[in-house]
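The two complexes that follow have chain A in common; it is paired with chain B in the first and with chain C in the second.
On to the complex of A and B.
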């Protein structure tokens, strides 16, 4: 009873302290209720969700052959189960230790399920699409750009002037140009730079271009981590007789990665959103599927339904990634406290 | 010994690096010869022979490619500067609302920020263009005494015409960037000590006056660097104009590549134009930063 009175008093203090604020609060309440009412009325009565419901497999898998769609589906479901398990699974020690191996194991599993071979019928990458392709682009680009980014960051911190100059030029130029230009010219120029006869398909060209772009940003985040490691750490490592490579491997990189972790997870969430740019450049990922469905005469003009649905999907996946990232950060700080 | 080793290492890396570059350039020249394009910039002065819907300076399709590129650069600059101003105003308001006392207002702005930040910009741009502007019917004019017209052709305001492509881009970029700017502003305001708030309250200043005259000037040094990087992001994001059909510098490069196939040259042009834009933004912000520091010294 007492707590309710305190709550109401607090509410009164924050919402209705004077006339001006009271008017604002009332106006906002009115605004929210009108917006909510209209949105609900639209969601339930006006919107025609057929464009979403009848195309659900298309959003998830693109033009993947119908009788093989269990393959990307099982990959996505295994990723989802693993995320749920990581966030709220039981605290068994042996399992927690092997969780990382499980996560790493999803990558060859995904490649195997998508490409086929070894007992599954092979499927060309141009049939990949939808959410599967979006996740694939995100996972592989972030995985490849992490080591590349670490190397770039170390080079930029290096005492050798030539290496330091080269990597700074690369990082600064990459950070100055827009992503869509990198992706577009990646599609156009990568074939030009390869010897005659060797070709890379569109998906891997996109992954390569994303890697080149994101690694410059990751390098800057890790450099921030490297710079915030106190000099005493290096002196201590020197005094116990570690050589330069051991210092980098055991002292600098683990600490820099832990400090840069929030920034790195932000980068991968950003990367997930930015894979939508491939929709303009001819890959049929999640947004590309939306565009091709809207071009279908049967569903013409139903922009709002499709865009609202796509926004929800992106929002949900981003939120899952953010929750996973927070979980990881918490575990890292606990580990540090144990030391 | 140590120095020799270092020089040796650099030398080795140099050889590997330039060897790689050499192989790549060799491949490139072979491929360029094979496709019969070569590498030169003389095509820049040939007539472009494509029309532009939007041009701040006179332009016809018989003008040169170079002039078309310059018009595209101006178009980019136009949308960047106008959405920069709008995003800053909107972001500041939302940042204030987020830090303010009114919890309902805080809740709404937090919701706004997360929704905008968790969905891709490209999706938002398409939403504003296809739903926001093209969704309006052409006969559904909203008119206010012939001064202000809204239709799916855009907005006409006392003789000035803004196309719907420009407006969709302006709206999308401003709303997207404002969510990030709001977080920068909030960070800046939170970086000012609580004592400052208590001090101006005890002096009898009103909340609004205190925020603007006491808190904000102290928060500015923390805000400006974050703001600069958001402006640079805005400039880079403006290249998504191609999704709504606004002819900015990237869209024009894209058209030229489709016409002439000169990808390498266009890549270099795009790189240079973006370096110019970035220099423009960073230098302007540097001047503003210096002005702020100077004005603080005078006090």
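On to the complex of A and C.
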């Protein structure tokens, strides 16, 4: 009761101290309530959500064959369950240790469920689409660009001038090209360079292009981590007889990753949003599905509903990613307060 | 008595002709403790860091445990030396991302290829010797400076070294924490460990060392047994330095 009175008193002090501030407060309140009222009125009464509700499977799975849609569905649900479990699951030690293995296991699981084979009917990658494809692009590109980025960062720190120069040039060039150009390169030029008869399908070409691009940024993030490790750590590792590779593996990489973790989270959230560029290049991922639905005469002109809905989906997934990353960060700092 | 460390005319100069080491020669026999003293910048840290190859030198010859190193700084020989020589640093230099026990087992498992369980058992034994076995699962930042330095000693001991180098091991510690580290070092000396210790701790040098080596601007000024060095130093420069230390 007391705290409520204090709260009201504080409110009075900050919002209504004199006539001028009272007028400003009232005007702003009026503005906000009109905006809110209009938004909710549109959301509830004016908007026609049929364009979203009747196409839910399309948003989720694209043109994946209807009777096989349980496959991408179970993959997405397993990812979601694993996220929830990681964030608020019980604190059993063996479980916490094996969570990483479970997370890595979702990759072959996803590939198996989408491609089929071994008892499931095979499905071509051109049928993949919607949120499934968006997640697939994000997960695979970020997982491939992490090791590639680490190698690039190490090469940039190398004492061999040739390797050091080559990787600096690569990183600088990649950072100087817009992502969309790299994606065009992946979709249009790679097929021309490959010998006749060898074909990489479009999804993998996109993953390849994203990997090339993102790994340059990841390399810079990790280089920042590497540079903030004091030289005395290397001396200590030298003094106990570790060789160069062991020092990289056991001393430098773990510490650099820990330092670069917030930046890496940023990269993967950015990557998730950038996969929407593939809609322009003909992959029917989440945004692409939205565009193709809008091209349907039945739903013509309902683009506000579609884009509001898509924004919500992107927001939810990004939030889950951010919460997961924060959780990981806390876990890594819990024992190492003064890292 | 076989010599563990033999240095002959070690010389190292920086650009501008400044000499970090100037014709330094010394010998440490098995089971002996050599204390190196001198004002800051006199080259004492540089000297013991050459013993396990953390510093190079320009001229002279070094023989550590029978392995001969010269100014070419042969990496393979230095690796061999590092496996048999432990080092303790002023700032502890523990690995902050590894637990105390992992800090200690890292080298035995990956350098000497011992089994994990065996390395952990020996690591726990070393920690109990240092009186900190209850902290095995903690991380370095959760320990006090003195405790961290004792972990660093245990880490250096994990490879069962034949020579231990100490580079100002107590200089970064609170005065109240210095003795717990010095006591651990005393016990090691009693067990017959060969040690080279850079320190300003006169008490430790008096009690434990067999020889005191005094350096100034890269040169060895004098090498004497501690009873002579502290009561009746041969050289004027040494007496001046000791006077300064006494005032603090």
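The rule is simple: the second predicted complex is superposed on the first by the 317 of 339 C-alpha atoms of A that agree within 3 Å, B and C clash if a C-alpha of one lies under 4 Å from a C-alpha of the other, contacts with A are read in each partner's own complex, and residues count from 1 in each chain.
Convention: a contact is a pair of C-beta atoms (placed from the backbone, for glycine too) under 8 Å apart; a residue touches a chain by one contact, two chains touch by 3 or more.
This one's a predicted model, so the numbers in the text were calculated from it and none came from an experiment.
Novice: Consider chain A as the common anchor and indicate whether chain B and chain C clash or fit when overlaid.
Specialist: Fit: chain B and chain C sit side by side once superposed on chain A.
Novice: How wide is the angle at chain A between chain B and chain C, using CA centres, rounded to the nearest 10°?
Specialist: With chain A as the vertex, chain B and chain C sit 100 degrees apart.
Novice: For A:194, select first, second, both or neither according to whether it touches chain B, chain C, the two together, or no partner.
Specialist: First partner only.
Novice: Considering only the touch criterion stated at the top, classify A:41 as touching first (chain B), second (chain C), both, or neither.
Specialist: neither
Novice: Go through the superposed model and pick first if A:84 touches only chain B, second if only chain C, both, or neither.
Specialist: In the superposition, A:84 touches no partner, neither chain B nor chain C.
Novice: Regarding the shared-chain residue A:185, is it in contact with chain B (first), chain C (second), both, or neither?
Specialist: In the superposition, A:185 touches chain B alone.
Novice: Between chain B and chain C, whom does A:162 touch in the aligned arrangement: first, second, both, or neither?
Specialist: First partner only, chain B.
Novice: Go through the superposed model and pick first if A:238 touches only chain B, second if only chain C, both, or neither.
Specialist: Touch status of A:238: second partner only.
Novice: Quick check: superposed on A, how many Å separate the nearest Cα atoms of chain B and chain C?
Specialist: 7
Novice: Let me check the overlay on chain A: which residues of chain A are in contact with chain B and also with chain C?
Specialist: Touching chain B in the first complex and chain C in the second, no residue of chain A appears in both lists.
Novice: Where on chain C is chain A touching in the complex?
Specialist: 52-54, 79, 82-83, 85-87, 89, 91, 93-97, 99, 106-107, 110-111, 138-139, 141-142, 155-156, 158-159
Novice: Taking the complex as given, what residues does chain B use to touch chain A?
Specialist: 6, 9-10, 13-14, 17, 24, 27-28, 30-32, 34, 101-105, 108, 115, 118-123, 126-127, 130-131, 135, 236-240, 242-243, 250, 254, 257, 263-264, 267, 270-271, 274-275, 278
Novice: Note which residues of chain A are touching chain C in the complex, please.
Specialist: Touch list, chain A to chain C: 232-233, 235-243, 246, 250-251, 254-255, 258, 335-339.
Novice: Can you list the chain A residues touching chain B in their complex?
Specialist: The contact residues of chain A facing chain B are 14-15, 17, 21, 24-25, 28-29, 32, 159-163, 166, 173, 176-181, 184-185, 188-189, 191-196, 273-274, 276-277, 279-280, 287, 303-304, 307, 310-311, 314-315, 318-319.
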